[in-house]
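Just so it is clear, A, B, C, D and E label the chains in written order, and each chain counts residues from 1 on its own.
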Amino acid sequence: MTGTTTKSTQMIRFLGFVSLLCGVLIVGAHVASQSRIRVNQEEILRESLAQLLPGMTRQVIYIVTPTGELTPAASGESSDKRIFAGFDAGGKFLGVVLEASERGYADVISAMYAYSPASKTITGFSVLEMKETPGLGNKIGSDPEFLANFKALDTTHPVAAVKHGKKTNPWEIDAISGATISSRAVGRMLAASVQEMAPIIARHRDRIERGN
Amino acid sequence: MSGTTIIEVRTSPHLHGPMTVETIMRHVIYALLPIAAFFSWHFGLSAALLLAVTTAGCVLAEHTACRLSGKRSTVNDYSAAITGLLLGLTLPPGLPLWMAVVGCLVAILPGKLLFGGLGSNVFNPALVGRAFLQAAFPVAVTNYTPGLAANRFVEFIPSTWAVPLMKPAPLNDWLAKVAVDGFTGATPLAMQKFDHIYSELGPLLWGLGPGSLPGCLILLCGAYLVARGMMDWRITASMIAGAAATGGIFHLVNPALYPDPVWVVFTGGLLLGATFMATDPVASPVTPRGMWIYGLLMGVLTVLIRNLGGLPEGVMYAILFGNALSPLIDRLTPPRPYGARKAQVPQ
Amino acid sequence: MNFFGAERFFGPKRLWRGIHVPEHKEQTAHLPIRRLPFPPLLIVPLSQHAGKPAKAIVHEGQEVVRGEPIAEADGLMSVPMHAPATGRVERIAPAPSAKGELTPAIYIRPYPGASQEVLYGAEQNIDQMTPAQVVAAVQATGVVGLGGAAFPTHVKLKVPEGKKIDTVVVNGCECEPYLTTDHRVMVEYPRQVLHGARIAMRAVGADRAVVGVEDNKPDALAALRAANGDRPGILIEAVAAKYPQGAEKMLVKVLLGREIPSGGLPADVGLAVFNVATLAQIGELLPHRQGLIERVVTIAGPAVRKPGNYLIPLGTPLRWALEQAGCTDQAVSVVLGGPMMGAAVGSFDIPLTKGVTGVLVLAKGGANGEAHVFPCIHCAACVNVCPLQLDPSHLGLLARKDRYEEMETVYHLNDCFECGCCSYVCPAHIPLVQYFRVAKQMNRERKARS
Amino acid sequence: MKETAPNPFINGLWRQNPTFVQILGMCPTLAITNSVQNAIAMGLATAFVLICSNGLIAAIRKHVPKQVRIATYIAIIATAVTVTDYLVKAISISVYKALGPFIPLIVANCLVLERAEGFAAKKPVIPSMMDGAGMGLGFAFGLTCLGTVREVLGAGTFLGIHLFGPNFEPWVLFLLPPGGFISLAIWLLIFASYRERKDRRERARAALLTVQPAEAQS
Amino acid sequence: MNESLGHIFVDAFLINNFVLCVFLGMCSFLGLSSKVSTAWRMGVSVIFVITVSAILSYGTNLILVAFHAEYLRLITYIVIIAATVQLTEMFIKKKSPELFRELGIYLPLITTNCAVLAVPLFQTARGYNLLQSTVFALAASGGYCMAMVLLALVRERTELSDVPSLARGTALTLVLASILSMAFMGFAGMGGGG
C-alpha cells in the first residue's frame, strides 16, 4: 500500500510540474503575442474598410445595443452588431460599413458592405467568409461584373437579385450566371441587413457623421 | 460404340441457359440506340459527335488500360460502350469534347478498373464520370443549348471544339444566331426551381424540351429489355413510384412551389436514371425485397434533393447514394431460405 | 389456392421460383418400355443404395436363380440384393462405380438363353400385415428410392418416434430434361403405382395420398386417374411443369403448402414422399415377395441412335447398355441421371444400379460447351430462380475467395441441394453449383479435422 | 551497428514519410491542401509543433511515470499547439483564417502523438528534435505535393501564379472535398507503382545473383 | 447566429459531414473501416464520447469565459476528452465487460480522433447554446458513424472482387471515399436557406 501511495504522490507531483510548465509556456506565448495579434486584426479591419470606402484613414466603431442605441467600441473582436463609420484624412465622413451574413449554397456567407446614409444606397460590397463553390458561387466575392451592382444600389426598395441580364431597376442585383443561388443569398442578406440597420443609422445619423 | 471414344467428364448441370453477359450488354446497347439517335437528331452534329467520343473514349480507355496492365482486354463484353453511351446521354450536347474525354477516363479508370473491372465496380461508372464532371466543370455541364436549331446538321456548337484545358468560347453569338425566342439555356427543372416557370408537359413526354430526353421513348426501350428478360423492372418501377409519391406529397403541401408528380417523373434525368443507371446490376442489390427498397429510396432522395436542396437535379446523387447503400440493403434483406422459418430439427 | 375455381384462371399449382428448361422429352416420352437382353457379365455392386453396403451370401462359383437373394441387408440402413439373372457367380471383387472409386461387387455370368421370367418368390397377403411387418417386407424386396437418391424405402416407411404422418406424397414430377422413366411407369403401370401408394399409406398410417404429376404428362395423369377410378384416399393432382418441381421439398410446398424445415425430413411436417417408380416396384414386388432386380432407365440424348426407356437388369455394364442403344460419333460425354443434376461418368465399365434414372449421351457443341466465364455482374438471375431462396450470387463470390465457413454459417450453404438452377441461368457462366460442392466438401473436411 | 540506425531527419523526410508511407495525420493532409500556400503553412506549423513537443518530451522522458505518460504527452502537445496557434495569429491573420480550426486540431494529429510515444520517449533531446524536424518537414512535403496537384488543376495556379493563362478552365472539383481524396489517391498510386517496379527490379536482380554461382559451378 | 436545430442537424449530418466534407477523423475513417462490425462499434463509441464531451466542454467553456481564461480552451478540451474516454472505458468495463472486450481497443483511439476535438471547438466558435451544441454533437458524430459504416460496407464489397494489386489498400479506400464525397455534394443547400 505504501508503495502505491508514494507512487501516486509522485505522479501527482509530476503532473503538477507538467501543468506548471505548460501553463507558463501558454501564458507566456499569449502575453507575448497579444499586442501583435491586435495590431494584425486592426490592420485587416482597416484594409477591408478602406477597400469599401476608398480614401478612408480613420474609423469609428459603434456597437448597437439591443435597444437600438449606439455605444462606441474600442476595437477588438466582438460578436455584437457593429457599425463602422469611416472618415478620410480631412475628417470628411465617407459612409458606414456594416456586417451581414446569410446562408448561401454551401454554408454561411458573411460579408461587409458600405452604406451611404445620405443617399440611402449601398456603395460597396466585399465577402469576408464563404464556402461557395469555387469558380462558380465564390464569384460573388470577385466577379467585377457582379460587384459593379454595388456601386450605387438603391435600398429604398427591398433589394433583390434577379437572373443574369434581367436587371431593370436600381434596387435589383444582376445575378451571376450559373450562380443564382449564391447571388440570391447576397440579395437576401443585404435586404435583411438594410431593413434592420437603416432606421438605426438614420436615427443616429448626426452622431455617426460627427464621429463621436 | 467404340470403347476408345474419349469422354469428357464435366460436373452438372450439363445444360446452360441461353443468356450470357455479352448478350445482355449487347441488348442494352440496342435499347440505348434509339435514345442516342433521338439525342443526335434533336441536337445535331455536336450531340452525335459527343456520343461517339464518349463511347469510343470509354472503350479505348478500357482497352488501353487492360493492355498496359498486361491483361486480356475486356472491351468485348460491351460494358465499356454502355458506360460511354450513358455518360454521353447525360451531358449537354455542346460540352467541350476534351471534358467528355476526361469524363470517360474518370468513369473507366477509377470508376471501374480500379475496383477490378466489370462486376466489381461499387458505383455506376457512367455516373462516377458524370459526377466528376459536374463537380469539376459545374458551368459547362449545366449549360444546355437549344434543340432543333435550324443549322444543327450543318455546323457544330462552337463550344464543342474548345481547346483542351481551356474554357469554351462564350456562346452568345452562336445563340443569337440560332436561338429560339426566349431561350435561356436553363433546363425545365432549373426554370421551375429558380423561376417557378413550368414547361409544358407535352413536349417533355417526347423529349423536346431543352436538356431532357423523351420519357416515353426511354420507357419503351426499357420495356424492350424487360420483355427480353434482361432487366429487372422492380428497380425502375419502385424508383418512379418513390419519386412520384414524394413529389405528390410536396405538391399537395404547396402546389405553387412544387410540381405535380407526373411532371416530376418526366423531367430531368429521372427516367433515364431509373431505367438505365439505377438498374446497373453490378451496383444494385440482388435480393428482391432489396430492389424495391433501393428503388424507393432513390426515388424519394431524388425528389428531396430537387425540392429541398440547392441543386435543380438530384437523380445522379440519389443513384450514387443508392449504390453506396446497396451492400447494406443486401445485408438487411436476405431472402428467407426455404424451411428456415420453422424451428431447426434437433439432430 | 383452389378457392372459387382459381385453378381455371391461374392454371395448376406452380412452383414460384425455379426455371423452365427445354424438356427434350419428346425423344422418348411416347416409346413404350422395352427389355434389354442380358449382358454377357452382370456386375452387381453390394452398395447400390444410401447406407451400409449389403453383405454377400453367395460364394464364387455358386449358381444363382433370377430373383434369388445374393446379399443380405447389414442393419436397418441397408437393403438386400437379388440376382438379376440366372447364372453363375463368377467372382466377388471390387468393381468401378459411378463415383470413381472401387466398390465390392458380385460378378454374375448369366447362362446363355436364360429366361427373363422370375421364378423366385411367394405370395403374401399385405392386408393382414402390421405396419412393422410391411416395413420388413419392403426391406426384403431391396427397393430403394428409384428417383435417383437410392435411399432405402423401408426407412422412410418407418415413422420416426413421436412423429405422425397424415399424408403420403407421391412424386410423379419428373422435371429433369430428357428423362421419361417415371412418365412411362405411370402410363404403363398406373395400377402398381396406386397399389404401392396404398401399401405406403398403410405402413405410415396415413389416410390419404396425393399424387403430384406435372401437367406436361397428360397421358400419365389420365392413366392414373383411370386406374384410381373414384376410390377415395388418393388424390391425383396436376402441377405446372417447372424445374426442379420434382425435388421433394418443392413438391410438398406446391402441393400442400408445407415447408420441410432446413436440415429436417418430410416427417417433420407429417409427410412421407415417394417416387412413382419406387411405389410401382413395391406394388409389383411386395405381393409376390420378390426382390428388385431391374429398373426402367431412359437412354437418351442428342448422340443416341435408339433412344428409349429400357427395362434394364441391375448390374448391366454401361458399355453394354450403350451398345444396345447405339451412339453416334458426336458423343462427347455420358451422364448418369438427368442433365441438371446427373454426374458425368469417367468409365464405361461401371454397372447401372438401382439409383440410375437415365443415361444421357451428350453431343459435341452442346448447351454446356466451353464458355468464357465473365465476372459476376450481380444480375440476381440466380437469386430469382433459387428454389430454396438462397443467395447464390453472394455464395459464389464468397466461394471464389475461399470463405467457405461464412458460406455455411451466414448464407445457408448446406440447404443447397445442387439443383443447378443458378448455374443454368447465370449469364456469366459462373460454375456456381460446382463451387458449392467444393465448398461443402471443404467444410466437411474442416469439421472432420477439428 | 551505428550505421544501420538511419538518420532521424532523413528517415522522416523520405523513408518513413508520414503522408505517403505511414499514412498518418490525414485530416490536415486532406483538408488544408487546396492551395500550396496553405499546405506549406500547415506543414510548417505541424513541424514546429513536432519539434517543440518532441524536444520537451525527450527532455523530461526519464521522469515520466508510465501510468500518466499519455496524459503528459497530450498536455505538452496541447501546449505546443496553443503556442503555435498564437504564433500563427501573430504572423498573419489571413493565414490563420485559411487554416481555420485545423491548427488546434494538430493536437489530435496522430502523427504528433505517435512520434512522442515512438521516438521522443526513448531518445535524447537533439535526435528527438531532429526527428521532429524530419517528420514535420516530411509532412510538409506531403502536404505540398498534394497542394500542388490541387492548386494547379483546381485553379490553374501555383502559389497564386497563373500557369495556363486566363482562359484556363479550372477543375473546381480539386478544390472540393472529393478532390482531396482523389489527389491523395493519385499520389499513393504513383508511389505504389514506383515501389512495385522497384520490387520487381530487385527481385530480378536477386534471382540473377542466386543463379550465377550455380552456373559457375557447372 | 441563430440557427434552427433542424438545420444544424442536417448541416452537420449530411451537408458538412465531418468525414466526407470537412475531413475530420480521417485516420480512423481510413484505418478502421475495413469491417462493418468494427466501423459500427467505433462509430457508436464516437457518438457517445462526442456527445458527452461536447456537453462537458460547453459547461467548461462557460467557466473559462467567466474567468477570462480562453487561452486554456484547447488544453482543457483535450483533457475533457481524455477524461471522458477514460471514464467511458471504466464505466463500460464495470457495467458490461462483454461490450468492453469488443470496444476495448477502439476507446483509446478516440482520444486522437480529431472529430472528437473538433465538435467542442466548432460549437464554441459558432456560439451554440447548450441545446444547439448537443444537437450539433449528435449530428456530427452520427454523420461520422454513417460515413464509417457506408465506407466499411463498400470496402467489404470490394473484398469480394479482384482489385488490382496496385490499388489495394489506402488508394482504393480513398477513391471510394471521394466518390462517396461526390455523392454527398448533392445534399448541399438542403435544409434551409433556399
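Note that a residue touches a chain if its C-beta (ideal position, glycine included) is under 8 Å from a C-beta of that chain, and two chains touch if they have at least 3 such contacts.
Every value quoted in this text rests on a predicted model; they were computed, and no experiment measured them.
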{"item": "Shortest contact path, chain B to chain C, counted in steps", "value": "1"}
{"item": "Chain whose averaged C-alpha position falls nearest the assembly-wide average", "value": "B"}
{"item": "Leading chain pair when contacts are tallied as C-beta pairs", "value": "B-C"}
{"item": "Chain of greatest Cα-centre distance to chain A", "value": "C"}
{"item": "Chain at maximum distance from chain D, centres defined as averaged CA atoms", "value": "C"}
{"item": "Between chain C and chain D, centroid-to-centroid distance (C-alpha), Å", "value": "69"}
{"item": "Whole-Å gap separating chain C and chain E, where each centre is the average of the chain's CA atoms", "value": "60"}
{"item": "Distance from the mean Cα position of chain D to that of chain A, given in whole angstrom", "value": "35"}
{"item": "Intercentroid distance (Cα basis), chain D paired with chain B, Å", "value": "40"}
{"item": "Multi-partner residues of chain C (each touching 2 or more other chains)", "value": "375"}
{"item": "Residues of chain B whose C-beta touches two or more other chains", "value": "110, 116-117, 119-120, 132, 135, 138, 310"}
{"item": "For chain E, residues that touch 2 or more chains besides their own", "value": "71, 75, 161-162, 166-167, 171-172, 175, 178-179, 182, 184-185, 188-189, 193"}
{"item": "Contact pairs between chains, per stated definition", "value": "A-B, A-D, A-E, B-C, B-D, B-E, C-E, D-E"}
{"item": "Residues of chain E defined as touching chain D within the complex", "value": "20-27, 29-30, 71, 74-75, 78-79, 82, 108, 111-114, 116-118, 121-122, 125, 165-167, 169-172, 174-175, 177-179, 181-182, 184-185"}
{"item": "Chain D residues within the chain E interface of the complex", "value": "23-31, 70-71, 74-75, 78-79, 81-82, 85-86, 101, 104-105, 107-110, 113, 176-182, 184-185, 188-189, 192-193, 196"}
{"item": "In the complex, chain A residues that touch chain B", "value": "105-106, 133, 135-136, 163, 178, 180-181"}
{"item": "Contact set on chain B toward chain C in their complex", "value": "1, 3, 5, 7-17, 19-24, 77, 116-120, 232, 281-288, 291, 330, 334-345, 347"}
{"item": "Chain E contact footprint on chain B (complex, rising order)", "value": "69, 110-111, 113-117, 119-120, 122-123, 128, 131-132, 135, 304-305, 308-311, 314, 316-318, 320-321, 323-325, 327-328, 331"}
